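The structures come next, written out as structure tokens.
Two complexes follow with chain A in common, the first pairing it with chain B and the second with chain C.
Coming up: the complex of A and B.
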């Protein structure tokens, strides 16, 4: 049985091969977050104190800064993909849903950008 | 378009372990999303210098935030273990009913053990830091 619509067959349209993109990105980001999140929790709880000097010194180590950037970017990405599905599932009014999706996406982009900016600022040594 | 019922319909499913593990994973993911603004706020505070950091630390030490950290810890443990279960499912393994039932118990057990261990460590770290 063909699942293509008669109109689609006449117009010669088909899959844009992007149907699995959301699914695939969610798996990729989750796979990356397994080691990244474990590293983050262990690294954070291993800090001798949360004094500014200690935290800033930690953040300015090259490997810490690199992994923190990856953690924030991939974490925000995974979060955006997840929250998007929740909104699509439970917010039924079309207008409210679209608006919520716009706000959610912008908020995640802002958080990711701010996080990366903060890490790099400390890592490149321009924090006061 | 005809108005067809769309999944997920929380109210029409019988409450079973499949529903419980699935909705818990989603809830845990949402809780973790709430942690993201707090994390970024903290990172921005570090980048803004000592006085800004002192102010942010005072805010982040409030009881509301301690509750948030507790939620983050529990949600992280569950979401991590349940997420690995999903990744294993994606390879086509463990999808039989008996296997899925067993792995649901494994997820519950492992995540609770992880919560206790990590909670104890975080409590020790909290006691040391304050």
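Coming up: the complex of A and C.
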């Protein structure tokens, strides 16, 4: 039980004076994902088949590799921003929340790096 | 963590049924959430068979009639009975609204009355609004200006400047919006909620106020402001047809604009 005043509880440790950057980046990444997602789906569907050689050849084109890298990086970034919000919404214990946010951030960085690495490997031909 | 079930001591059990007197005219069932903290028992749902012809047309009339004629222990807040004091906000047939402006004939089936959702209950239909009022106080809902007021008259506003605060200033602090907001349910200890944010907006866009920057500084916080995910239950719930969701979106826009 706490005898702190209600206003004292609400004011707490004050404003973090942060959050607009996260909000703005979430909008920017979602905006960027609109054309990137459409391009990704349309390009994949317009391939004659999903044979390894055909997809690898498609991925070795400069524009394809460039846009794929953008798609993976922006997608992972947007996902990280979104999952962060979900964790902040539902995980309330401070220690668990901080730990979850660290794990989520690292996992997204790993996924993005792995995606970029895979694209470059195919694009530069060593996996073909 | 957010829970999927109510805590054991909040689960509602079956309550009493108060039958209508024989020969009553048009009878409607009114089911009311009852909780007495001194009883040590869980809340229950009582059913009152109400002779609609015997009381006024609004849900508040039914409550007053039940309290006067059937069960004087029924507890609820009310004052103005014309939708301006905001006291009788409660959850009626699943929607947060004012009992005094809700006509019984606009409701279908049994009338189900609960206190505002996800708040501590003081007794029956009376929620604990202490933190809600503290959140309102925390946005400093008063004029802050360093320029002294003219000695011979009030601080003037143009018609357009007044129109910007006209609607937001009509908030009656009934708490229908905040208690309809899932973000407020999960994080009411840190998220200010739509009512307090609408009040903050009312002062942010007030042409006479000179603390706009400080007000925005105080709101820029992942929890205080950015827990709002534009769910818009607040705007749906407002019995005064105000738009807290839009006010919050405008605050977010101002925060972006001042750094772009």
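The criterion applied here is as follows: the second predicted complex is superposed on the first by the 108 of 128 C-alpha atoms of A that agree within 3 Å, B and C clash if a C-alpha of one lies under 4 Å from a C-alpha of the other, contacts with A are read in each partner's own complex, and residues count from 1 in each chain.
We take it that a residue touches a chain if its C-beta (ideal position, glycine included) is under 8 Å from a C-beta of that chain, and two chains touch if they have at least 3 such contacts.
Since this is a predicted model, take the numbers as computed values, not measurements.
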Practice item. Going by the touch definition up top, name the partner, chain B or chain C, that contacts more of chain A. Key: B
Review point. Touching A:37, do we find chain B (first), chain C (second), both, or neither?
Key: first
Point to revise | First (chain B), second (chain C), both or neither touched by A:9 | key: second
Check your understanding: With the two structures laid over each other on chain A, which partner does A:56 touch: chain B (first), chain C (second), both, or neither?
Key -> first
Check your understanding: Of the partners chain B and chain C, which touch A:115 in the superposed model: first, second, both, neither?
Key -> first
Exercise for review: Based on the superposed arrangement, let me know which partner A:18 touches: chain B (first), chain C (second), both, or neither?
Suggested key: second
Check your understanding: For A:99, is the partner it touches chain B (first), chain C (second), both, or none of the two (neither)?
Key -> neither
Exercise for review: State whether A:89 touches chain B only (first), chain C only (second), both chains, or neither.
Suggested key: both
Review point. Shared contact residues on chain A for chain B and chain C?
Key: 89
Review point. Where on chain B is chain A touching in the complex?
Key: 7-8, 26, 29-30, 32-33, 36-37, 39-40, 43-44, 46-50, 53-54, 57, 76, 80, 83-84, 86-87, 90, 118, 121-122, 125, 128-129
Check your understanding: Okay, in this complex, where on chain C does chain A touch?
Key -> 1-2, 130-131, 133-135, 137-138, 183, 186-187, 189-190, 192, 217-227, 229, 252, 255-256, 259
Check your understanding: What residues on chain A touch chain C, complex-wise?
Key -> 5-7, 9-12, 15-20, 22-24, 85, 88-93
Check your understanding: Taking the complex as given, what residues does chain A use to touch chain B?
Key -> 27, 30-31, 33-34, 37-38, 41, 45, 47-50, 52, 55-56, 59, 68, 72, 75-76, 79, 82-83, 86, 89, 108, 111, 114-115, 117-119, 121-122, 127-128
